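The first chain written gets the first letter, and so on, giving A, B and C; residue counts start at 1 in each chain.
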């Protein structure tokens, strides 16, 4: 994350503390610390008052069976929907991202329209449409298909923009050198532009994949048996522990996404050091950093 | 190499898609006799009806009835594969042959009979109201007019109330959550006063938290739970109806109802008449 | 097409709810996100850590889960209730809390990246004339930082507009849930209805994009 390096710069906002400031800071730290602890205590007390800390509600999570039979199948479904959608979205993004850069107007304009339209429509609406529109057309649309379809179109469109930005970020001279060597258009794209662009796009792509993974949770609304479904429906159906269960599930999501986030940071650092690409790390249009792409 | 991996995934998807498409045309009776195996669609998140337990087994009224039918068709318990059937995909599951039959709080309706056929019913219930155990102010459908009610999205039960009481009531007094399980904490903590859907579903959830809730017991609709089968499987329908008939008569039905619905079993006194066709 | 015309009042009402959700959550998220950003660059480690934890937890949790938690948890466990006699008001505000809590995490990160675009000399000059940390932030840094991130804030607002559909998870009858209900009611008009609702979102988001693009050019800090 580009901003993560900012903590060093942010210290410019205040001087190295002298003895009086240090004292004041210590007092303030104490005050704010106490305030935060108070908030935490109030939340804890409310949970206690409603019996949410009752061991009966939490003990199921200490038992292996709860995990292997109820939670992990949900996680598997979440990951498989995310994996299939990611592959399809990458293909979709590559096709339409490159299509948008085509010299032919009849390719460029439709590709642009598709990308802009699907970026403007909320994902949940795409999923609903896949379900109802599909059955209208006589197709059998499972929850999995509907979720993957929506994720592919939406994230594919965002990835198309990332691909386009990535290719445009490769200095012009690279393509020109390719043409000078007598390479054809698709050779220039395949051998020169894409390999360099991919390196530059990698952090943005991984960030978008985090978004995609989070968005699989929308499957819950159409009763896809994903991780959130396991946590908010299947586990509480056994133990009547909705709130504890949702908290545990949230922790799983956070852990996975944090890991992916670190992967993105690591890739970004590596690509910044790497001499293999002449392109600067790509940031999709309108974004100040990968934080924005994460917001979908 | 990366491209190769992509292709591999796509190929795997393609095969999994085609794998769903094959379906046998023969009767469930033949399949049970020849293979000694059945795949049965049930709910997995409906206490009292079809619930997946942490130990990987299933329990509930639908599950017990399914086991009884399978036994009568000559399939041992080890030959049964249970598969989750969600409300929206029950008909396609049967049509595609992904399951041999469905027992999933599955109401017999004329609309559905255009796509599949039904044996049974094995239980008749109706839309009822679940309230907190100490609440005496709700006595029937009409008393919901000035009460807060929770229902599940996509369920027909809240829709019936909304049609009756109008859009203003719907906006102010009705909240629609993801499934009836999500309504329970709202009822427990007095965010709403009542949950309204099939008495059977309410009973299943209420049994999970004994003593906290009670069923009003004034059903205001009729839902007949049947066994979903392929459209043209008359032999299968007859065989299953015979099995159900036997189950009603040998006392197993009573045992299953009481075991799965507990104190709420008393609302279901006698087995319903079978609707053979 | 008839279905769209017949149901136009319902559709417009749904979008009015979407707009209200967006505007109110957007304002709360902007304010709360700015506070979080200030915490993240503050001299007090305890505030920096608290804000960092908040941001990392919220933005790595699926919005659907946050909304479900707000809808089923805040009321039942924390006794948060906005209206005794209108459940739709209650659900509206519960989902607003979820949407703004989630979006604020992103606003915080955007503003923080804006703070990094402000040249060091600005803060140094501010300090040298004796401004305190809060004064430096309020009078010198934030006005420039926010102007540098107008465009990404616009992207966030567009994302928020689309994210309001997730409130459907707890039964808020905004555009997506209404669309699904209309699908149920008019099974033969799925495509026109979908196109109608999709057009609605294009109408909502397109001007926002243009407006923020124009604003960001207009307000850009000339250096």
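As a convention for this text, a residue touches a chain if its C-beta (ideal position, glycine included) is under 8 Å from a C-beta of that chain, and two chains touch if they have at least 3 such contacts.
All values reported here derive from a predicted model rather than from experimental measurement.
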Chain at the geometric heart of the assembly (C-alpha centres): A
Distance-maximising chain from chain C - centres being C-alpha averages: B
Euclidean distance of C-alpha centroids - chain A vs chain B, Å: 36
Rounded Å distance, chain B centre to chain C centre (Cα mean): 39
Between chain A and chain C, centroid-to-centroid distance (C-alpha), Å: 17
Multi-chain contact residues (two or more partners), chain C: 68, 72, 76-77, 169
Overlap residues in chain A, where contacts from two or more other chains coincide: 50, 220-221, 232, 242-243
For chain B, residues contacting two or more additional chains: 153, 178, 182, 185, 189
Contacting residues of chain B [partner chain C, same complex]: 148, 153, 171-178, 182, 185-186, 188-189, 191-192
Chain A residues within the chain C interface of the complex: 1-3, 6-7, 9-15, 17, 25, 28-29, 32-33, 36, 43, 46-47, 50, 52, 117, 120-125, 128-129, 132-133, 136, 210, 214-218, 220-221, 228, 231-232, 242-243, 246, 249-250, 253-254, 257-258, 261, 286-289, 291-292, 294-296
List of chain B residues in touch with chain A within their complex: 6, 9-10, 13, 44-47, 51-56, 84, 86-89, 92, 95-96, 153, 178-179, 181-182, 184-185, 189, 208-209
List of chain C residues in touch with chain A within their complex: 40-41, 43-48, 50, 56-57, 59-65, 68-69, 72-73, 76-79, 103, 106, 109-110, 112-116, 120, 123-124, 127, 133, 136-137, 141, 148-149, 151-152, 154-156, 159, 162-163, 165-166, 168-169, 175-176, 179-180, 183, 187-188, 190-191, 194, 197-198, 201-202, 205-206, 209, 213
Chain C residues touching chain B - in the complex, by the definition given at the top: 68, 71-72, 75-77, 81, 85-88, 90-91, 169-171, 173, 177
